[in-house]
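The structure's right below; bear with me while I get my questions together.
Per-chain numbering from 1; labels A, B, C and D assigned in written order.
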Amino acid sequence: MKYAADTSGIFSRYDISIEVARQKAREVSEDVLLQKVVEQLVAGDEAGVEASVELALEHEEPMKVINDGLIPGMKEVSRLWAEGVYFLPQVILSSDAMMAGISLCEKRLGKPVKKKATVVTHTPEGDIHDIGQVIVNALLNASGFEVVNLGVDVPVEQVVETCRLRRPVMLTGTALMTTTMTAFPRTAAGLRELGLDIPFVCGGGAVTEEFVTSFDLGIWGRDASQAPEMAEDAMNGMTWQEMRAKWNG
Amino acid sequence: MKYAADTSGIFSRYDISIEVARQKAREVSEDVLLQKVVEQLVAGDEAGVEASVELALEHEEPMKVINDGLIPGMKEVSRLWAEGVYFLPQVILSSDAMMAGISLCEKRLGKPVKKKATVVTHTPEGDIHDIGQVIVNALLNASGFEVVNLGVDVPVEQVVETCRLRRPVMLTGTALMTTTMTAFPRTAAGLRELGLDIPFVCGGGAVTEEFVTSFDLGIWGRDASQAPEMAEDAMNGMTWQEMRAKWNG
Amino acid sequence: MSLKLSNSMAYQSPDLMMFGSALKPVRVRCGMAIGGGAVIPEIVPHPRLGSEQNLKTLLREFERANGDALEQCILLGFPGIIIENEHVSQMTQNPDWGKEIARQTAGQIDDYYDKYGLSAGYRATIADLRKPEVAHLRRSDRASLILEAFEACAEHADIISIESVGGKEISDHAIIRNDVTGMLFAQAVLGGRDMEWLWPQIVGIAKKRGCIAGGDTDCAQANVAMYLAGGFASKDVPHSLAALCRAMAAGRSLVAYECGATGPGKDCGYENPIIKAITGLPMSAEGKTSACAHLSLCGNVTAAVCDLWANEAVEYHEMFGGTTPAVFTEMLGYDAAMMNSSIALGFHKELQACMINSDRYRSPHGYILCPDIAWEIGKAIVENNDSMYSRAKAAALKCGQLMLSDARLRFTAYERDSLLGYMKELEALPDREGDFIDMCLKKYERVKAFKPASYEL
Amino acid sequence: MSLKLSNSMAYQSPDLMMFGSALKPVRVRCGMAIGGGAVIPEIVPHPRLGSEQNLKTLLREFERANGDALEQCILLGFPGIIIENEHVSQMTQNPDWGKEIARQTAGQIDDYYDKYGLSAGYRATIADLRKPEVAHLRRSDRASLILEAFEACAEHADIISIESVGGKEISDHAIIRNDVTGMLFAQAVLGGRDMEWLWPQIVGIAKKRGCIAGGDTDCAQANVAMYLAGGFASKDVPHSLAALCRAMAAGRSLVAYECGATGPGKDCGYENPIIKAITGLPMSAEGKTSACAHLSLCGNVTAAVCDLWANEAVEYHEMFGGTTPAVFTEMLGYDAAMMNSSIALGFHKELQACMINSDRYRSPHGYILCPDIAWEIGKAIVENNDSMYSRAKAAALKCGQLMLSDARLRFTAYERDSLLGYMKELEALPDREGDFIDMCLKKYERVKAFKPASYEL
């Protein structure tokens, strides 16, 4: 087999030319023990976070470990992701590590830490490529939301009933096939009937902006990574109309 | 340059394997002079038709030349086209020849022959590939309809006004670009406002069945060759709903 | 006539013609050469229904469509791309609209160049609003408007083009009547004369603005014939007539380059291989990857000597894999990558042979676009350059002779009889252009939209 | 385990592998051979939103979509085509629906054969409804239903296939955590075991009904990794991990053929070149012309040893040039025509070299699908056939070594570091499958949907 000596007319490796130089995490805390928590968290090392949180808890209050260690650490991870330094798995691993650390703090506190707000997530009919909801769940967890994950193949009635009981600030739905996304407008209609004007973010494969913005409550999500910021908006009281104006169009 | 000896894996010449054997026109009239008219007409020979019509008119009434010569000749052409023997240009040339023959008969009659019914045709905004209306006009003429051809770049108001004045049994519109077909629903609305429920056949390039059947009066035309039969349906009193049910879906 | 008609072949042999290389490459503003050794994809998105309502919605539509194409190049590592926007009528009717869209796209291209080093260029194709039925081709508001639109777009675009319509009123009449004489008159005499008036003005504007005068295509005539000829089950127009129209189109579209256009010729100019043989200028082509716009029986062979590889037109909307401009950029870009691989490997002659063999004997149209046949037709054009009429007639006759002389090109009985009829008709035509014009003015005087004054006849 | 794992290579050298030819071609009902010397297009239309409402609307939708593809072959002179319908869930949930659509399509195919002599075949791909989260993979209504659907479709279809989902609950967890161990467990151990249960039943049904048991694809795992790896600007999953997952997928998908499937393997099985090297069976592939479904960094190279050339999935709707099945049939058919031209000319090695050079150094995924690399990975599989685990691990290690050993394949620093990390992790894994399974059962016991009983673990 013959290989071309000059490939410049064939392809350009933009990934290499634009690679962002790796950065170390910034120093977040002057407390050596808490800074250690941060570093382990930024490294996505779950066992390491558990160890350093245990150590920190010997000297600090659990809420301080959370507020001055785990949360700023996760913020640092988000920054590295936003700047193109981190890849998704690094964020997920840090999120897993944070959840493990919080769990230890909660054990010490003797009660669960209050979450920011509740988000319900679901997939009306699963497809073999459907990983969107898995990512959405992990990112929402990492951002401090309580995630009620209904999983795949969820009937419309169950989604509506869960929203009635849990009163989430936001509902998400992912679908990959056009023939399953018909569930979305029916879900939205069910919520409206109960007077629940919950922003309903829909996304995934075949789900188009045009379709989602054709029914009330619907906001089109282009990418799973948008979920946390959308949830913040909803938590801060934005209506679905305001969210649609901000995120779509 | 090297050429492959065996092209069977590359292409199949279905056109050759399915070619319909050429057929002579059937004998339509026992009258030698009228049969001559038929043969010239089927051959698409305008000058020949004119000559043989002149000859026939020396012995026959003009309406007999039309009804027993020109019209059965054109029917024979339509049959040959429907059976895949004739190509479009042969139909158009025969149509031209028929119009010339009828014109001679009308001169002898001293008045125009009554047409079957009126059809209005137009193109809201012309595109350089737009030949659909030209074909529709020729085929409708050939089938004995009075064609009011508004041409290209016709404003909605002019179409509606013409329909109000001429009361056609059918309106056609052709468009090639999506950005011009927005005129169709506006035209349809204009007609409905005046209570004119005229079947409005729309077709051409970017015009989809889905779009045309989304507004009242609209019937989607897949191909210019459907126009005469559609006009017959309209003339026979079919409503736009009935025509849509027959031709679309 | 003052225009000097081409009298020689730029390529001394069809064997020298190859995709990706033209004898006279041109450069877009970012420096990327067209015809300089690599095939570049040319993507043509079309705005959705409703987006033409106002400038704002149209700007947004093209921002997405053109942006999606640029982004796809980065995602997949394509080194370069040309984006063409064919004006919907509103963009030419309001020259500012065309200008703002050109400005916006030039800005997007600059951004991608700065951020990633992507080489890209923008072709603005003005809509020819001059409908022969409703406007004088030279003296009418519509005629002024298109020149104004050229001026406006030339400031930002890399390339300006048009698909001019001179002669269409006659060709629409003739093509559905098997009238090869009418097609010759429409394409060579009317189309040629209209271009001779139009193109020096376009070239002047391009020179003033520092952009490239791309070229013209006989989309309005030869492509209508090709579309009507359709596939193997179609019964509208014989394929042999469509092939003759293509040969005649070469004599017509050549006028743009004789007036100073430098290429790249437009994708839908299937006559471009003939023109490249004569002029040595770079050409765009479309084939299988323009199936989104229309079918064709020459899906691969049209790539044989192309410099840009295009999709003709795809309406903007979503597919599972992304928006249509992204999807078609991917397909065009990989087609180009394969061609460029062959160049880098020295296998370009072999790849070209595969393209040619795919379609050479599939249909008459594919046959005459093979480089060797295209070159022969070009030679007939330059050797019969007494007039636009004489060269187009010579092109058609040569085209017909070549088709009939190759036993491997098969015809149905109907196609063959039709072709023999056209040849006889062409051979019987007068020698001198003046006589031919006199004959046609009389023959077509009753054709509704035909106004000889539009052509100063 | 009773299944005999492959212990030799069907192809003695990668140089012997070529598009259009397989060592063991198969024939569809009309007699057309797949892998018998010509590449055949395989079109996959997807029904529109709403058409799944009832059997009548769905029948009408597929009647149009499949009919448009067949008609396009006639219009353009394509000698043969395979139509694949991937079941939307309703077609498998109601096995009669899938059956009626198969019956209708078989009728359409017969009509085109009778009228024109077109050679066509129909592949029915059953939807794997067995979601590990909600159903036992072997003992549940959903498991029974898919077997019932196979029975129903096998009566009329030429080829039956599935994209089975065993292991997906672990791979979804692992892929976004950079967890190569989890991917190995999901693909080789769980996916392999599930296929070992499923495929003998499919093969039995096919034999009984006289149709072809096509094959499986690791769409649910390796393709999810590939989609997430995305293009050059994506930051979801390293491309080097997606490449390792592809190598491991070969060990998994191979099980179908070891259970008696004969190919053609499904288009989206990018692991198919490796499997073809081992088995000699015909394989479908997709590349640039499946841009409608998803982007890929291996648009040309996947054609290098394909027998069918496909588009993965395109939703039915209208484009300017016709409906999407017609448009994509045209593009696929011309791609195939070019490959078949090269075979007829004896230029197939040159064309294959162009395909390979297009993508070999574009990305890791393109690199490992080159025939020589795919063959080496296949060799590692058959030489380490103690267990499904050992061969998939060997495939991944060989894949990583080959990627790292070719200096022309460039990596970003992040990609290289990631790859080195995966290699170290893989090397540290236990030798024996039993030990590995014990380790993983413990490691993943908290993963929500994972039920070891579904795999009899």
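As a convention for this text, a residue touches a chain if its C-beta (ideal position, glycine included) is under 8 Å from a C-beta of that chain, and two chains touch if they have at least 3 such contacts.
Since the structure is predicted, the reported quantities are computational estimates derived from the model, not experimental observations.
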**OP:** Would you mind naming the chains that touch chain A and likewise touch chain C?
**Re:** D
Original post:
Measuring centre to centre, with centres taken as mean CA positions, what chain is farthest from chain A?
Top reply: B
Subject >> Distance between the centres, which are taken as Cα means, of chain D and chain B, whole angstrom >> reply: 50
Original post:
What whole-number Å value describes the gap between the mean CA coordinates of chain B and chain C?
Top reply: 31
Subject >> Approximate Å spacing (C-alpha centroids) for the pair chain C, chain D >> reply: 40
**OP:** Can you check how far apart chain A and chain B are, centre to centre, with Cα atoms defining each centre and the answer in Å?
**Re:** 61
Original post:
What positions in chain A touch 2 or more of the other chains?
Top reply: 2-4, 7, 10-11, 13-15, 18, 206
**OP:** Mark out which residues of chain C touch at least two other chains, giving numbers and ranges.
**Re:** 46, 74, 76-77, 232-233, 315, 320, 337, 340-341, 344-345, 347, 353, 357-359, 362
**OP:** If you connect every pair of chains that touch, what shape comes out? Choose line, ring, star, complete or other.
**Re:** other
Subject >> Chains that touch, pairwise >> reply: A-C, A-D, B-C, B-D, C-D
Original post:
Which chain A residues qualify as touching chain C in the complex?
Top reply: 2-15, 17-18, 205-206, 208-210
Subject >> Complex interface listing, chain B residues touching chain C >> reply: 1-4, 7, 10-11, 13-16, 18-19, 22, 81, 84, 86-90, 92-93, 96, 125-126, 128-129, 131, 134-135, 138, 151-153, 177-182, 206, 211
Original post:
Where on chain D does chain B make contact in their complex?
Top reply: 20, 37-38, 74, 76-79, 115-118, 318, 320, 337, 340-341, 343-345, 347
Original post:
Which chain C residues qualify as touching chain B in the complex?
Top reply: 15, 46-52, 88-90, 128, 131, 133-134, 163, 165, 168, 172-173, 175-178, 219-220, 223-224, 227-228, 232-233, 235-238, 315, 353, 356-362, 372, 408, 410-415, 449
Subject >> Residue numbers on chain D that touch chain C, as the complex places them >> reply: 46, 71-72, 74-77, 230-234, 287-295, 297, 299-300, 313-315, 319-322, 326-328, 330-331, 333-335, 337-342, 344-345, 347, 350-351, 353-355, 357-359, 362-363
